[in-house]
Each structure stands twice: as structure tokens, then as C-alpha cells.
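In what comes next, chain A is part of two complexes: it sits with chain B in the first one and with chain C in the second one.
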Partner chain A sequence: MWAMIVRRLSVSAISLVLLVTLVFFMIHATPGGPAYSILGSHASPQAVAVLNRQMGLDRPLPEQYLIWWEHLFEGRLGYSYIQHTAVSHLIGVYLERTLLLDLAALALAIAVALVVGLLQGYLADRIGGRIIGFLQIVFYAMPVFFTGILLIYGFSMRLDWLPPGGLGQGLASHARHLVLPVLTLALPIAAGFSRYFGHQAREEYRQDYVRTARARGLSEWRIATHHVLRNAVRPFITLVGMMIPALFVGGVLTESVFNYPGLGWLLWRSALDQDYPTLSAITLLIGVLTILGNLIADLLNSILDVRVRYE
Partner chain B sequence: MSEAAPRRWGFLPLLRWGEFGRRWRPEPLVAAGLAMFLALAAFAWLGPLFYTASPYAIHAHRLFLPPSLRHPLGTDDLGRSFLARMMYGGQPSLGVAIVGSVVAMLIGLGYGMTSGLSPPRLDKALMRLLDAILALPTLVLMIFFAAIVPLGPLSLILLLGLVSWPGLARIVRNEVLAYKERDYVLAARQYGAGTGYLARRHLLRAMFPIVVVNATFTVADLILTLAGLSFLGLGIQPPTPSWGGLLGNGSNLAITGSWWLILFPGVAILLAILSLNLVGQGLLNRLEGR
Partner chain C sequence: MSGAPLVAVEDLRVTARRAGRTYPIVEDVSFKIEAGGLLALVGESGCGKSLTAAALLGLLPWGLAVDGGQIRLEGQNVLELTPTQWRRLRGRKVGAVFQNPLAALNPSLPIWKQVVESAELTFRLDRAAARARALELLELVGVPQAAQRLDDYPHQFSGGMRQRVAIALALACDPRLLVADEPTTALDLITQAEILRLLNRLRLERGLAVLFITHDLSLVAEYADQVMVMYAGRVVEQAEARRFFAGPRHPYSRALLGAIPRLATPEVRLTDIEGLPPSPFEYPPGCRFAPRCPRVIEPCRRELPPPAGDQRQRAFCHRPFAQEPG
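Right after this comes the complex of A and B.
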């Protein structure tokens, strides 16, 4: 068990090194080096030289690489010359908004998937079950940016029920602004989730104990919640873990569609504005979050699942 | 292939259908998905032969016209024929993803084969590195790269290939492990077959079906990633049309009520992904004997 945890941690450590190294070399591969990307391509050579000395960019590359790591450990993520603030100041607020959106979407997706999956398992090959199966395939293939735009067009432009994006003032307004992004992000995840869970539930409904329970006169509701759900929900954590990358990726696109100022939106804006300090910091941050998410899911999974543990 | 064929064509038996071919009855999912995808490809590459309007010609007197007989999919914010833009936009949207997945397949096959045929220690190390690579967020890194290096179609193909091979590499490696102890492979080795020959002649052939399934899903993934990037304005650059870029433009213009600028590119992307998922799922069902 401990050997497994150490092995898994070492994989995450390698991911981390790869990520940081990749970002370092890409930033330093920009034409003219980072100074030009910060000051703009029309900067005077003197200004570039001054900035290079300030940032240690005149030193040899291996040394800069070490400095890069040092700064990361100290939490010094650079200064955004476009936002005019230290990048580390930006992150807290944006991270909070992203986590709010992603967790809300995840919760909604799980809730929907449990209900739909149970229903699908119960209906099996009946017409209702087949319709659910068809919808799952379609919604799973639906790109979030298409769903988002359709929802904006329908609910904001045509019906004028909900705001098309941005951020609200106060709790009620904030919640109203979150409805469409959360729906958008949750939809494909709920589809994938419920497809898997529906499959499990269906297998469970075939088991003898369900027939026994029916023979004992238990209500369908009780069979569903007390027997089928309990058994079918086992691979749950694995599934949540598998969905984490999809959640982050979908989050980046969803935030961009709805101009919801979270990390994904900031990543997108800094990419378009060529704001390299912000861009590299956000890339690192989302990368670390993804690596951590994968790690936690895998560890939980192996702690909960005896089969994996003894492998 | 006759026996006298030159040796360098030894990979050609791959083109026979292997396990699919032996008990091929049209699988409904595969047939439906394939028909859908071929229809989309025909729309993109053959369509311009029949509908000859230019996707670039600007007409100031016919902006934002809804679909009609004259302009089957309407016109956009610059009065360009949207049908023409949809057709030409399909070419990079599908083509870049398809070629990108070929790149991914080559890298994945190479890495997976190497790992599977290496001594256990090296194999373990390579697999751990692979796990580490798999944990990296692909789209985020693509956005990062796209912001730093301006991407043309060729560099997009390379980049998409470079970020999407690890899944396949793992499958290939597991297949190698499963097959390399089989009797016929061991027998070939006894007869003095080299590792390279074994890999080409036996292993590659044995894993062909699962590689095809994976490649199908990879193309679907890359279509989605590329469309997402172009939607964000970081993939294929206007005025070159692409479905993702058209959708992005349409969503910026949503306020004008031009629903056709949103609906058609969105549905095209959806159908492309959906059709390939159907093909992949159908093939997978067949492979697993469901």
C-alpha cells in the first residue's frame, strides 16, 4: 500500500517537473526572449537590456532554469505588465470563481447522473431507456462552446430570462449568472457519467437479490435507493477522477464562452493579449490542479478498492 | 500480396481487415457513423465542386441574410456565402485532425512497441513517464503554445499529434505484452526472427484492430480540441474558415440574431464527433464480442 502511494507520488512529481520545464522552455523560446514579449516587439534595446538584467535573463540558461524553480517555490509568479499587478495577486480571486463553477457543475452532473442512470437501469431496453441512451451519446459529443452559445441564444437573447455571461453583484445576481455556465459545463459530464452509471445499474437490476426484494414486496423506490444505488455506486470515485480533466478543460471553454472571469477565462485573455507572465502562471496553476486532481482520485480509489491495493 | 513482393512492402498485410474482416457483418453503429462522417467529408471536399461561390468574396449589399434559396445557408457579417465558408471550413477542421491523429498513431506505436519490447526495468520506467505525461492538461498546454508560437495548419497538425499519443502508446504496450509470449511469436523467434521483424510482421498485425478503434476516438478528440482552439481564436486563423472559428465568429454576432451563423457550424462539429464516436463504439463492441 505504501509502496503504491510512493509510486503514485513519484509519477505526479515527474508530471510536475515536465510541466514546469515545458513552460520554462516555451517562454524562453519566444522570439527575442521574454523581455520582448513583456515590453513588446518595438522595445528599445536599452530597455530590453535593463529588464534582462533585472530579471536575470542575461545569465546562462541552466542558471535561469534554477532561478525559475526558486521563484516558483517562493510563490513569485512574475508581474503582469498588462494587468499591472503581480500575478500572484490575481490568482486567489480567479481561482475561487473557477472552483465555484467547477464544483457546482460537478455536483449537478453527479446528481443528474444518479437519477438518470437509475432510471435507465430500471427501464433497460424499454423505449424510455433507449431514448435516454441516445440522448447520452448526443450530449456526450456536444462541445461545451456550442451548448453554451445555444443556451445564451435561447435563454438570454430570445427569452431574456438569464444574463448571457459575466459576473453578478450580490448573492442572487451571482447565482443567476452561474445558472447557464453550470448547466453548460455539467451537461457532457452528466452524459458520460450517467452512461457509465446506467450500465452498472442495469447489471444490478439483473441480479437475483433484486428479484428477491421484489418478491418480498419492497417498493421499487426502496429497491432503487437501498439496493441498486448502493451497489452500482461503487466505481464512483474512479469516475469522478476520470472526469476531472474533462471538468477543467470544459471549464476553460465554458468560462470563455460566458466571459466568466475565472482561471480559464484569464488563461484565454492572457493568451490573446500575449501577457506571458500571467499566461505561464495560469498554465502552471491549472496544470498543477489537474495533476493534483488525478493524484487524489487515484489515491482515494486505491484506498477504497481492495483489488487495486493488492495489485 | 504475392510472395514475390519486395520486402519493403511487408507492412501491406496491415491493409487487410484483420480481425474485423474475418467476421465482418455490417455493425449498425459503424455503418451509420461511417455514412455520417463520409457525408461530412464529401460536403467539405466535394461540395465546392458543385457550389462554386467563393468563401472569401465580400459583398456589402447582402450582410446577415438568413438562409434562402439564393443563399442556402445565409450570408455572414461580411456578406460572404456561408455555405461556401462551411464547405471550405470543413477541410482544415477534419483534415488537420485526421493527419494529426496519424502523427499521434506513429508516435504512440513507436513508444508503445519500444516500451513493450524493452527489458522490464526500462519498460516500467517508460510507463511511469507515460503516466506523468498523461496527467498533463492537453488543452491548456495547447492554448499556451498557441499564444507563444503562431500556429499554421502544419504546426497545428504536429502539435495535436504531439499531445495526443500517450493513450495509444499505453494500449500498444499492453497489447505487445499480451502477444509477445504467444506460441506463434515464440516460434517465430525460435526460427531466428529479429525483434524488428516480429514487431512488423506479427505484433503490428495483431494489434491492428485496437489501434483502429483508438485512432477513431483520437480523430474525434482532435476535431473537438481543434474546434475549441479555433473557437477561442487561437487555432486556425481567419479569414481561413474552420468550423470552430465560424462558430466563434457566430457567437460574437449572436446579438444580431443570426442563428444560422451559430447553428450550422455547431451542428457540423457535433455530427463529426458523434459519427466517429459511433464508429469507435461499434468497432469496440464487435472486438469485445458484445
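Right after this comes the complex of A and C.
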């Protein structure tokens, strides 16, 4: 098992190095280089040269690459000339809000997927199972901005139960502000997750051990929670790990629909403003979160899957 | 024979609904098994033997239902029970083992947990008691070094051992009847014989009644005390095993026995049966075996065959073979 963990960790480490390198070259591939995007495209060559010297952009590329690593280790992600703050500070503020939104949506989507998926696996081709399958496609296909606007129209404008967007003050208000964005973000993800997990659960329900369990008089609840879930959940964990970037992308749209100042909103703003230091830092962060998500999913799987553990 | 039999099935009828119509899949199946008895239910694939077993367990696949008859377990008609009441009887009164031992166990639970799961829930055993019971059950079914194997997972066992474990699972709550649906079909010959000897020992030592379903008559010749042959959803012959093997009276039973290779008499050609069994959705009127029967006479195609013979050997045939003395 330890060998497996070490192997898995080194894969993550290699991915991380590749990611950092890729983002480095991405920055240098921007048209005109960073100086132009900071000073504007009509900047005089003298001004650009001065700025390049200040930022060390006139040094050879390998040296810049090493400095890039050094800065990353020190947690220095650059300076946003648009927002006029250090990017690391910016990220810290916005990341917290995004994590709150994304993790709440993820938890909701997983919970819904497990319940709906088990039910769907149990019902299989019966009418209830088909209705679930149909709803999954509908919700999966509904774009975030559409559901978001629909929910705002219903719950904020018509019913006036929940705020249509923005950030709340204090815990209760913050929670109230989160309800609609979390629902909007979670809905298509829950539809996708439950379809995948429902398929897994259905496969498990066809296995003989389910019949054996029924023949022993175990209740359907017991069979679902102690037998089917245990076996169907492993591939699902892998999927959840892989879906973290998609979650974030959905978050970008959700945050802009609800005007929720999170990392997605920041990403959207920085892209419009051509704020490269911020953009690259966010890209880096999403990459790290993706690598981390997959790592956690795989480690969780190896703990659950005895056959992997015994290999 | 003392008192009511352990299991008594009377005129069991299983039907399928398709496009608004009901089709009988299993009809007029009646049998009794005493404590310690072993009834061999024999027939080709699709003859309704597994569905008979599933009906007995209350585990018919979705879309099929018992549509008539009675299933009495220790005198109680289980068809009158609610699904939950019937579920509570499963495991406690009836246990079951199925064909594929490789898939019968949950791959991600250690076997001791699976073996005692039903007993643990039924009798509310604590962990120590549950482990002790698991060990007892694994030793009962002859798993070697059972004490060291409690924490092993199913994939660490061979096919034959897994079938023993599956039997231990079925016996966890001390059922009186074991339904064994082709439990040896997926196993090699030597393991088949071992599993059969185990089942035989269990019925002799513990008075366990066994409904043994198989397509292989030669397998049960040694141990069965009753034989029931099914064809296309109906019983064609039902007899005491000794009588049956002395001379089956239904042409289909004869053909089944004739299809078994015998090492002792190599010069005899194996007989096979021309054609295929009919689909449940297009059963012919009259005797269902008539289209394939070498002894077919005119009434066979029109009328359901009446029972011929006595309590000890009964063939449902218009033109049965003569009864052998036995």
C-alpha cells in the first residue's frame, strides 16, 4: 500500500512541475509580453524597456524560470497592476469565498447523487427509474446562467425569499446569499454525478451478491447502504476527483450570474482587464486543486478497494 | 412421515405480463419436501425450474408474479404474508445458494462479516459472538483453517471454497430448507462431488431439507430421494428417486437420462433430443413435449396429458413407458 501511495504522490509531483512550467511559458507567450499588457498597447518602447528591467524580464529565460520557482516557494505570485495589490493577497480573499461556494455545491451534489443513484439503480428500467433518467438529462443540459436566472426570478423577484446575489454580512446573511448560487451550481453537477453513479449502482444491483443478500432476508435499505454503495462508490470517487475543474468552471459562471465575488468572478474580471499576473496565479491554483482532487480521490479509492491494496 | 411436510407447494402458477396479456411461465407445480429430504428438480435451461425456486423464495424477477397455488412453509402459506413478513422468513426458514459462487459474495467485505450478517441482524449478536458464529459456520461447511481465514476477502478463495462460504451464508440463521439452484454447475467435477457430499451431510446431520436444482441428472442420482422433471413450465414426471432411476416413464425423462455419458458402457450412443423447447409465449396446446417427442400420438397435440402411475411415480403423459419393478 505504501508503495502505491509513494507512486501516486510522485505522479502528482510530476504533474505539478509540468503545470508550473506550462503556466510560466503561457505568460511569456502573451502578445507583446507582460509589459505591454501592464502599460497598454500604445506604450513607448522606452517605458517598456524600463519596466522589463524592473521586472527582470530582460534576463535570460532559464534564469527567469528559476526566479519563477523561487517566488512560488516564497508565496509571491506577483503584483496586480489593475487591482493594485499583491496577487497572493487578492487570491487569499477570493479563494475563501469560492471554496465555500464550490465545496457546499460539491457536498450537495454528492449527497443528491448517492441517494438518487441508489434509487435509480434499484428501480432500473421501471417507470420511476426512467423518470429519474429523463430528469437527469434535463438538469444536466440546463446551463448555469439559465438555472441561475430562473431561480433568481422565482425565489428573489417573485417570492422575495432570498437575495438575488452579492455577498452577505454576517453568518446568517452570508448563508442566505449562498443558497441560490449553491443550488444553481450543484444542480447540473448532481444530475451528472447521479447519472454516472446510478449507472454504477444499477450494475451492482445486477450482481449475484445482491440476490444472495436478498435470499438471506436482508432489507433493501441494508443492501443499498452496506453492499451496493460500497461497491458502486469507488469509480464514482474517481469521477468526483476528475470533475473538480468542471466544478470550478461552473463556479465562474455562477459567480458572475449572482455577482458573487469569488475566484471565478475574479478570473472573469482579470480576463476582461488582461490582468495577467492574476490570471496566471488563478490558473496555477486551479491546476493545483485539480491535482490535489485527483490525488485525494485515488488515495480514498485505494483505502476502499481491497484489491488495489493487496496488489 | 410425521405431520405436515416442511415445504408443500401446491399448483404453483407463475405468470408474466406482456403487452397487457398474462402468459403462464410455470404451471401446476406441486411438491413436498420433508425435513432431511432432498428433492432434485431437473430440466433444461428455461424450463421454469429456477423460477419455481425463485417463487419459493419470494424473489421472482420484476415482471413475473405468482398467480395461483400455495407455498406452505411449515404449514404457513407464505403467499398470504406481506413482503416484509416474507423477507423475515428468508434466511431464517429458507436459505439459498446459486449457480455462480464467484459472484455470490460481495467482493469488498471480509467473509466473516458476510457469513454472519443475517444472523447478526436477526439475533443482535455483538462482535465477538458474531465472529464465533462465523467461525462455527465456516467449519460446518468445511473451510480448512477457518480461524485464519475469517478476515480474508472473497477473491482469496477458490471457486469451490467460495461455494462453501456461500452455503455458510445461507445457513447463518439455521434455515430448515435450502434451495440450491445449480450450485455446482460452475465448478469442476471433483469440486461438484465435494459440494454435493457437503449438502448430503448437512441434511443427514441437521435434518436440512434441500431443493436441489440441476440440469444434470447423473449428479443427483446418488443423493436425491425424490426427482421432479420439468419441461416448458410444467412437471412431466415426479417420482421417488429409486423408482425414477430404475425406469423413468416419461419420454422426456428417458431422453434426459439417455443424454448422460456412461463410462461403463462405451458402445451405447448418446441420444439427443431433436429441436428446442418452446418459448413461454407460444406454448403448444396439449403436451408441450409433443413436437419433439418420438412417441407422439394423436391426443398429445390436443389434450394436456393426465397423470399416469401412482404416488411413488407419476408421469404426465398420454403414452408413458411401462413401470419398472422397483
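Quick note on the criterion: the second predicted complex is superposed on the first by the 241 of 311 C-alpha atoms of A that agree within 3 Å, B and C clash if a C-alpha of one lies under 4 Å from a C-alpha of the other, contacts with A are read in each partner's own complex, and residues count from 1 in each chain.
Simple rule for what comes next: a contact is a pair of C-beta atoms (placed from the backbone, for glycine too) under 8 Å apart; a residue touches a chain by one contact, two chains touch by 3 or more.
These numbers were taken from a predicted model, which means no experiment stands behind them.
Scan A:Gly166 for contacts with chain B and chain C and give back first, second, both or neither.
Neither partner.
With both structures placed on chain A, which of the two partners, chain B or chain C, ends up touching more residues of chain A?
Greater contact footprint in residues on chain A: B.
Pick one for A:Arg126: touches chain B only (first), chain C only (second), both, or neither.
In the superposition, A:Arg126 touches chain C alone.
So, A:Gly75: does it touch chain B (first), chain C (second), both, or neither?
In the superposition, A:Gly75 touches no partner, neither chain B nor chain C.
So, A:Arg214: does it touch chain B (first), chain C (second), both, or neither?
second
If we overlay the two complexes on their shared chain A, which of chain B and chain C does A:His227 touch? Say first, second, both or neither.
A:His227 sits against chain C, while chain B stays out of touch.
Pick one for A:Leu279: touches chain B only (first), chain C only (second), both, or neither.
first
Output the chain A positions appearing in both contact lists, the one against chain B and the one against chain C.
Of chain A, no residue contacts chain B in one complex and chain C in the other.
What does chain C use to touch chain A in their complex?
Residue positions touching the partner: 57, 59, 62, 87-92, 94-96, 98, 100, 103-109, 117-118, 121-122, 153, 155, 166, 169-170, 172-173, 179.
Under the definition above, what is the set of chain A residues touching chain B in their complex?
Residue positions touching the partner: 7, 10-12, 14-15, 18-19, 22-23, 26-27, 29-30, 37, 137-138, 140-143, 145-146, 148-150, 152-153, 157, 164, 245, 248-249, 252-253, 256-257, 267-268, 270-272, 274, 276, 279-280, 283, 286-287, 290-291, 294-295.
Could you list, by residue number, the parts of chain A that touch chain C in their complex?
Residues 124, 126, 207-209, 211-219, 222, 226-227, 230-231, 304-307, 310.
Would you pull the chain B residues touching chain A in the complex into a rising list?
128-129, 131-133, 135-141, 143-149, 220, 224, 227-228, 231-234, 244, 247-248, 250-251, 254-255, 257, 259, 262, 266, 269-270, 273-274, 277-278
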